[in-house]
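Order of writing sets the chain letters: A, B, C and D. Residues in each chain are counted from 1.
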Amino acid sequence: MKFADFRRKLAQYWYRFSQNKASIAGLIITVTIVLVTILAPYVTPYPEHAGVFVDFRNTFKPPSSANWFGTDQVGRDIFTRSIFGYRFSLIMAGTVLGIAVPLGVVLGLVSGYFGGWIESLIMRLTDIVLALPPLAMAIAVSAVLGSDLGNTMIALAMIWWTWYARLVHGMVVSLRNEEYVEAAQIMGASKLHIMFREILPNCAPAILVKTTLDAAFVIELSAGLSFLGLGVRPPEPALGTMVAEGARYLPANWWMTVFPALAILVLIFGLNWLADGLRDVLDVDL
Amino acid sequence: MQYILFLLRRAAHSILVLLGLSIIIFIISRVMPGDPARMALGPYATQEQVAALRQEMGLDLPLWTQYVRYMSNLVQGQFGKSLISERDVRLDLAHHLPATLELIMMTMFWVVVIGIPLGALSAVKKDTAFDNLTRGFSFTAVVIPGFLVGIGFQLLFGYWLDWFPITGRLSPGTVVTQKITGLYLIDALILRDWHLFFDALKHILLPSLALSMAGIGQVIRITRSSMLEIETQDHVQVVRSYGVPNLLVTFKYILKPAFIPTLNILGLLSASLLGNAFLVESVFSWPGVAKYGVNAMLQKDINGLVGVVLLIGLGFLLANLIVDMIIGLLDPRIRLKGEAE
Amino acid sequence: MTLTYKQLLEIKDLTVDFDRFGGKARVLNRVNLAVAKGEKVGVVGETGCGKSVTMKAVMNLLPTRRVTVGGSIFYKGRDLLTLDRFARRQITGKEVVMIFQDPMTSLNPVFTIGQQMEDIIGYNLAGAKRGLRLPKRLRQEAREQAARFLAAVKLADPERILNSYPFQLSGGMRQRVLIALALANQPDLIIADEPGTALDVTTQAQILELMDQLVQERGIALLMITHNLGVVRETTDRVYVMYAGTVVETAATDALFAEPLHPYTKGLLDSVPKLHGQGLSAGIEGSVPDYLQMNPGCRFYPRCPQALPKCEFEPPEPRSISENHMVSCHLIG
Amino acid sequence: MNSSEVLVVDKLVKYFPVKGGFWRRAHGQVRAVDGVSFTVQPCQVFGLVGESGSGKSTIGRLLVGLYRPTSGTITYRGKMQMVFQNPGSSLNPRRTVGKTLELPLRLHHKGLTRKELRQRVAELLTQVELNPEYANKLPRSLSGGQKQRVAIARALASDPKFIVLDEPTSALDVSVQAKIIKLILELKDQLQLSYLLISHDLSLMRNVADVTAVMYLGKIVEIAPTAELFANPAHPYTQVLLASIPVVSVEEEALKPTKRLVEGEIPSPLQIPQGCSFHTRCPEAMEICTRVAPELLTINPDHQVACHLHGKRGES
């Protein structure tokens, strides 16, 4: 009987989600890309092209049945490299948000609930960090520490938590005076219970939607960084690097730029559509 | 009086943020692993050369002394010498600033003149084909990364249609007879040099539009949604119920309060706009501060980078201060009470 | 064109359907209601009984999408629902005005009282010739009128009020501004939505007395919507009791309070705590039903303590008990 | 505390700082509660009535410990609980009714098994006349009255002796209010509870409270057994309040003091008038009222009033 309830609820959510065709597209795109990327060595036609590889007989081939997206200046298959390029994007998004979201959520909860000097400290810190564009920060850190994937990710995570701290802080400040929170306080519930059981679940939908949106954002940013030549080192494929390299051969060898750019767009659109669907289902106003 | 107090408080807050920013940058540039002197000179420099530079940069002093020196230099606007151009970073920045300023101003212009009317119209014509189209456009504009828009524009309008030049601020033949502000469009207007004006306009059009797309999308979205929200509020129903003409209700009683959230977004937006400028300036080889910053970064020029980052932070804070000023003018609660309700 | 009419406002068989997720909700079902010239009429009912929808239908403030309106609303003999938008604007907002429920949200926060009053009064002075800018002369005239009406609602120093922003005024003062606005167009009918409910008891009493006095002096008819039975009894001549989108009983106020006939009216009156303190009644079982699953017969049937078998399927017709007293109930007559 | 009382409140004061200016320093204070004393007997309903800004809700919050008093003491026996005004926000929208009720059970009866918990929840729901199956529901599928019943059940779960009822029915329709009030009174008799009922509704107070205190701007201006207070209101403010109530019958009309209205509105608690805080609106204000704040004086056994009109009679 409980299971039936659960299924009914799921069906209800799915109904609301599927009302918007774009969100289904977003879900399919995102899931497909994640799966294909994990299975990249098995599903790409030329997995060896992802690393150091040259084939001077096949340079600058336009798209064909053998090379769907054409080949680059050293004869590597752009389709294969685009799929491998997603790895960099997804790892980046996963790591940055994996660190930033929990950190930001906890700090936001603490600052919003306790108030006082803790709140001032954390909120002033977010003010400072938010005054810097994330890209500028990543550039600065990479410049100092050397353009290494790990460093760049740490740099981004160190800025990104502030958005979540802000979001959660704002929600906690309005929720902590809700009567159900006060009721729990009167009953003598612990602060941990109130923060994590009473307040956090009410913030969760907004956090989830924002995380989905930000995944797209981090991917965009990572593409931007690799476009500038930061983050990942050649020959490791990154979509941004491929776009930048291809841009040197415009307009004649347009496929070198256009396909990696489209690859970025497809993933970013997919995630945004997914976020839109979640927003409808979870009734979040973000 | 309350308004001035409010602005002073915001300004004081900005100064604090700037101070914090400088500390963070100091920590990043001095405390994190790696030797700035070694980085600047590269792996082939001798030990003595490195030591000499360390001394020159004050890296051998205790950390807090370094900090005091760094801060007192910053307060005087001294960022030190660029390790690449060998010039005072201040001069370098001053040289590159007008290009960026011109780009940003042009971008803001597009954001305001395209974003706000489209958002307002979209709200008025809610659920019509126009509204759906506008919403689709704003979604797309927000989602597509600025540098890809830039490359797309280059391909379409530059290479294929050949309507606009794709790099630089001016065509090779065009000369600026007299530098006044450094903003070519404005200089040309002052000098009544129409050739210069149109050449500069042709060059700035694509980069500024590429840079403004995300902002336009955001502003459409927020203008539309805040107008629709205010539309349902009692006070709008009241003026409507008394038969005040629809156009007046929309463009006075709804639009003015709807401006407040829009402006707030514009202020916050300026950070991501400045960030995107790094990429867009790279794409269009626009000789601005961001391009200078990217070069500094690629060449490990710490002093140059510190200058660029602080300048950007300052830009963001100034933009927000201006936003606060305008919001204060729009919202009597801020103007007369010093805070919103 | 002059029409002869008995009632100032006469709502006939007004039906409103909302398209909701899961079907059509009939939120108003054949509502009949009349207000004579200079009469004070109350509409009383609990949350969701349709009293606000009725008023919005008169004022043309219902959303246009997913709403179907049937029946007629005669004002001075002309059916408002058949008039075009322009002709309707000549009536609602000028001859019929509405005072909204919450004075705190009914004024635009970023304009002064003066700016708002000038526009509202000025555009009505301008009549048919309306542009987006009021001529200076009209604006001046509107401002003078505004000051006069602010004085009429006993606000001291009208000039200062005109130059104030809403947040600088207390709730009671804002309510007075709204009443001044309503009077300014010299209407024939004022519709008041829960006047004073958002204010404190002592302020509410002041406001009600003021309103009473002002409409009396000017011969303006008043249609008051409220959930507060006491307010209705103390301010109106005649009263309609609404339940779930239907009028269940109507009578002269004194008669209704002395001898309520419909089980809902009785239950409602019983539920109000009395000042003599002889304990509380049991109230009415259950709550207002979902409009999507309304009982096909009498809408009160599921909660009625005296329900008959036929109440379940047969909607009761309004029956005249005496002059002015009508009840829709199978138990009566 | 003497042996019979369940609650003693003595000279309770709560000031809230008001921040402003450039440095956001406290530059003033809201005197929300300003020296309030009263006692509550077992099984008594103590009513606190007043308009907005009178400080009645602040007292409720002070009692249950949501605020810390600036000075003064609160002494009580047993446990204290609270039922809030707004059924919309008093239940966590993401927790089922069962979960909401389990929390106080877990906290106050450590070591209950899952089965015992479920059983207690069912009992509590039955006690507030709800079907035990409601335990699986989320608040959004309940009506306002049902939510308020759950809130009452939650308050009962920790076996309190005393419950603060902060406008428990003001968001409900009258027909629903009647049932909730009836339930609250039945539970009182059944479980030997005492209540502090906070309300702006005098007619409700007349029917529910044993003793009623009238508050104005942070002070109790009059306190008496309810029937006595309504029959012989002594403070001009109480009289004005009573005269302002809209009533539904002619008989009640006769019970109201002769109609008189006060000018103006309640002053902001930021700027409480000197002397008697009501003197700015009082129809019978005298010169002394503008200077000296009147003390609560006993005019009849159990009937106290803070007003200079009665001060003189008390002295003579």
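In this section, a residue touches a chain if its C-beta (ideal position, glycine included) is under 8 Å from a C-beta of that chain, and two chains touch if they have at least 3 such contacts.
Here the structure is a predicted model, which is why all the values come from computation and not from measurement.
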#### Entry: Topological distance between chain A and chain C, in contact steps
2
### Message
Starting at chain C, how many touching-chain steps does it take at least to reach chain D?
### Response
1
### Task
Name whichever of A-B and B-C has more C-beta pairs touching across its two chains.
A-B
### Centre-to-centre distance between chain D and chain B (centres being mean Cα positions), rounded to whole Å
54
### Query
For chain A and chain D, what's the span in angstrom between their mean Cα positions?
51
### Task
Compute the distance, rounded to whole Å, between the mean C-alpha positions of chain A and chain B.
24
### Query
Hey, what residues on chain B touch two or more of the other chains?
none
### Task
Would you pull the chain D residues touching chain A in the complex into a rising list?
64-66, 80-82, 84-86, 89-95, 100, 103-104, 107-108, 136, 151, 154, 158
## Note on the structure
Contacts from chain B onto chain C in the complex sit at residues 127, 233-245, 247-248, 252-253, 256-257, 260, 330-333, 336-337, 341
### Message
Touching residues of chain D toward chain C in the complex: what are they?
### Response
51-52, 143-145, 173-179, 181-182, 200-204, 206-208, 226-227, 230, 240-241, 243-252, 255-256, 261-263, 265-266
#### Entry: Complex contact set, residues of chain A against chain D
2, 5, 178-189, 193, 197-198, 201-202
### Query
For chain B, which residues are in contact with chain A within the complex?
13, 16-18, 20-21, 24-25, 28-29, 32-34, 36, 39, 139, 142-145, 147-148, 151-152, 154-155, 159-160, 268, 271-272, 274-276, 278-279, 282-283, 293-294, 296-298, 300, 302, 305, 308-309, 312-313, 316-317
